[in-house]
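In this document, chain identifiers A, B, C and D correspond to the written order of the chains, with residue numbering beginning at 1 in each.
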Amino acid sequence: MTVFQAIFLVVAVVTLGGAVMVVTVRNLIHAALWLILSLFGVAVMYGLLSAPFFTVIQVVIYIGAIAILMIFAIMLTRRVAQEPGSSVNKGWWMAGLMSLVLFTALVWMFSTWSGFQTTLPQLPEGIDTIKVLGTALVSPDGYVIPFEIASVLLLAALIGAVVVAWERKT
Amino acid sequence: MISLSYFLVFAAALFCIGLYGVLARKNAIAVLMGIELMLNAVVINLIAFWRFRTPEMIAGQAFGVIVFAVAAAEVAVGLALFIAIFRRRNTIAADEIDLLKW
Amino acid sequence: MLNDWIFIGVFLILAPIFPAAALLIPRLIAPRKPNPLKTETYECGIETYGETRVQFKAQYYIFALVFLIFDIEVVFLYPWAVAFDQLPMFAVLEGVLFILILVAGLLYTWRKGVLEWA
Amino acid sequence: MSDPVNSISEWLRTILSGWGLSEGLITVILAVLGVVILATIVLVVDIMLVWIERKMVARFQDRLGPNRVGPFGIIQPIADVIKLLIKEDILPDGADRFIFNIAPIFALATVLLLWAVVPFAPTIIGADINVAVLYIVAIGSIGTLAIIMAGWASNNKYALLGAFRTVALLIAYEVPMVIALLVPVLLARSMGMQTIVAAQSPWYIFVVPLAALILFVSSIAELGRTPFDISEAESEIVAGFHIEYTGMKFGLFYAGELLHALTVSALIATLFLGGWRGPFVDQVPILGPVYLFIKAFLVYYLIMWVRYSFPRIRIDQMLGFNWKFLTPLALFLLVVVAILDKAMVGVSQVQYVLVMLGANLLIVWGTVIILRTYARVERKRVGEERAVAIAPESDLADLVGQE
């Protein structure tokens, strides 16, 4: 077992453990904190995949913004979070079964694919992926349409969310 | 030596845990957390395929960035909806929000 | 490059250890005599009333929401800035268009009165 | 001439490989050593900051400051640390034990982590990564988390209120900060700290002074210092998110806050004041850290000056200032810098700098004009006679007539 594999396994166990806690723990704030741990593990995964830009934006966007938004929303709907009773609905065992079946099916499907055991190729020398990404995002034969549409989508999300959540003072 | 299989199995596991959260949890915000886990699994897959199959092309990373934007938009609108529902009905348990079924 | 990331990784593991060590010393030498009066929630001497983890107003959420949208849009611009040398003028203008769409969102929230803290 | 840090690390590397250790293991050992040394230096400076800050505030307020323990009271911070160490550690009722304990650790650790990307000399830097600027933002957002954890775990209304106010403030001012950080990235075409420092001829403060100013203001807000100290406003919410913390746990928040101020100063010095650049630094690399710390303390002094000169502003004014003034201004500056930079391909450096500087000053001038007009209108509105407080004319006449 190489060092790389050992690091991968530790990070994977932490991430998946955090994810399991997210979907099982009763207290919603605790769930959000476990979610943050899990998201951080995913960020380290991006680092292992030599995509450092994704590592940092994962932390900036998911932990710094989305998780905080969720904690705010939990605090705003506080009374429900402390309601007694089960935190899962009646069909939880069916959901668990479905997830297990899906997982087995996915792994089985991947294992029949020839590219499943692709080993790590060398990254092309002397190329700054962030530069390439930046160029691709705004070049017409690249991803300029998704780039601008993402901006419009975010604008729409902002307006929509404000319309829905905003309560005019009277 | 590490291979693509590691990351694919990991992402599949993360996706399925997220799916369980979406299907089983009562609280709508917890459901949204499950969706976040699933989206993260998707981005891991995108980056892993980029790294292992086509490191000379940038498509995987560009798609990943777009998924980030979509995830953010989804969370923003989703949570706004929950807050609005909570304000009117005083609950955000997913199985009690059932006005539309008639 | 790899060495730099090893440094960051080691730092991530070691950084919490310094403050944690500082917390360990008082555990060994400081007195520890809790009593109900001492551990009571501190509210300037008045007994605490009702739920402590109170509910907040929606304004906080709205501000966090505007922040989230802006944060993402700005993060998108970082690769654009790094690749600035390779970009022709119209690619720069695409970035500017991106910023202008962002400003439209800001103007909307401003006009709607969302940015007033009231 | 090579610098001593690299010579020592090379020397250690040869010794360790002489023992038959593998290449990777040696790198990890050297990294551990580097981290321990860097963190120790930073923490010692942090302890001294207590003395500097207290002495400085005393001078601002026409007092003497600590002067009993040691010459000029210089051993005072050591006494403070000992005091904090032997204080009882109280866990309030209903607190979330684990989160309560881990929050102060996070608060200091995240500030320490920022030093990993601060370049001290041409060859001395913890980690020269190519996403360093975003790394700073990322670590900063983990610091925000520590505040939420502290506020929530304390089981105290004031703590929760303080934490929420702080977070609303932090995330609001993160937007202009991130935009202002984007300007040097755009000028240097890199997010790596060493590249940005190397690209600074002249220093960026002479090219884009407005970006430096925006970063300075938003950094003060991020630090939660006066005039933005709504998070721990003593007169309103007692102490904010760390109201329930005692002893060394409070000490960690306090140390983290002080160190954060110096760290932010060092980052501003690196991004806009040329970092380790200075005369003879190429010949004698060890001068780099000296220059960096001189510049950092200069910025730190400015932060303190602002802190002890201004009153606290209200939370609505604070958020309004951010969203209606600072953010649009930063976005406008970014657009202007981007277009000008692309339009000036091939002009000489002197022309480039002069045009950029001129554009910046023009924006500042325009902003001041707009602000003055706004202030005039606002003053008029506030100064208007309002009917509520004034008795009707007829009543007055009656009163006069009766006499």
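FYI, a contact is a pair of C-beta atoms (placed from the backbone, for glycine too) under 8 Å apart; a residue touches a chain by one contact, two chains touch by 3 or more.
Since we're looking at a predicted model, the values are computed, not measured.
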item	value
Comparison of B-C and A-B (more C-beta pairs in contact)	A-B
Closest chain to global C-alpha mean, per-chain Cα centroids	C
Distance from chain D to chain B - Cα centre to Cα centre, in angstrom	34
Inter-centroid spacing, chain B versus chain A (mean Cα positions, whole Å)	6
Rounded Å distance, chain B centre to chain C centre (Cα mean)	21
Rounded Å distance between chain A and chain D, as computed from the means of their C-alpha atoms	29
Set of chain C residues in contact with two or more other chains	5, 53-54, 56, 58, 60-61, 64-69, 71-72, 75-76, 78-79, 81-84, 87, 95, 102, 109, 118
Shared-contact residues (touching 2 or more other chains) in chain A	52-53, 57, 60-61, 64-66, 68-69, 72-73, 75-76, 79, 128, 130, 132-133, 137, 147, 150, 154, 157-158, 161-162, 165, 167
Touching two or more other chains - residues of chain D	129-130, 134-135, 152, 164, 167, 171, 174, 191
Listing of all chain pairs that touch each other, if any do	A-B, A-C, A-D, B-C, C-D
Touching residues on chain A, where the partner in the complex is chain D	3, 29, 33, 36, 52-53, 55-57, 59-60, 63-65, 67-68, 71-72, 75, 128, 130
Chain D - residues contacting chain C, complex	27-28, 31-32, 34-36, 39, 43, 84-94, 101, 104-110, 112-113, 116, 126-130, 133-135, 152, 155-158, 160, 164, 167-168, 171-172, 174-175, 178-179, 182, 185-186, 189-191, 238, 243-244, 247-249, 251-252, 315-316, 319-320, 323-324, 327-328, 331, 334-335, 338-339, 341-343
Complex contacts: residues of chain A adjacent to chain B	2, 4-5, 8, 12, 15-16, 19-20, 22-23, 28, 31-32, 35, 38-39, 42, 45-46, 49-51, 53-54, 57, 61-62, 65-66, 69-70, 73-74, 76-77, 79-81, 83, 86-89, 91-92, 94-96, 98-100, 102-103, 106-107, 110-111, 115-124, 129, 132-133, 136-137, 142-143, 146-147, 150, 153-154, 156-158, 160-162, 164-165, 167
Chain A partner contacts - residues on chain D that touch it in the complex	24, 99, 129-131, 134-135, 137-142, 144-145, 148-149, 152, 164, 167, 171, 174, 191
Sites on chain C touched by chain B in the complex	58, 61, 65, 68-69, 72, 75-76, 79
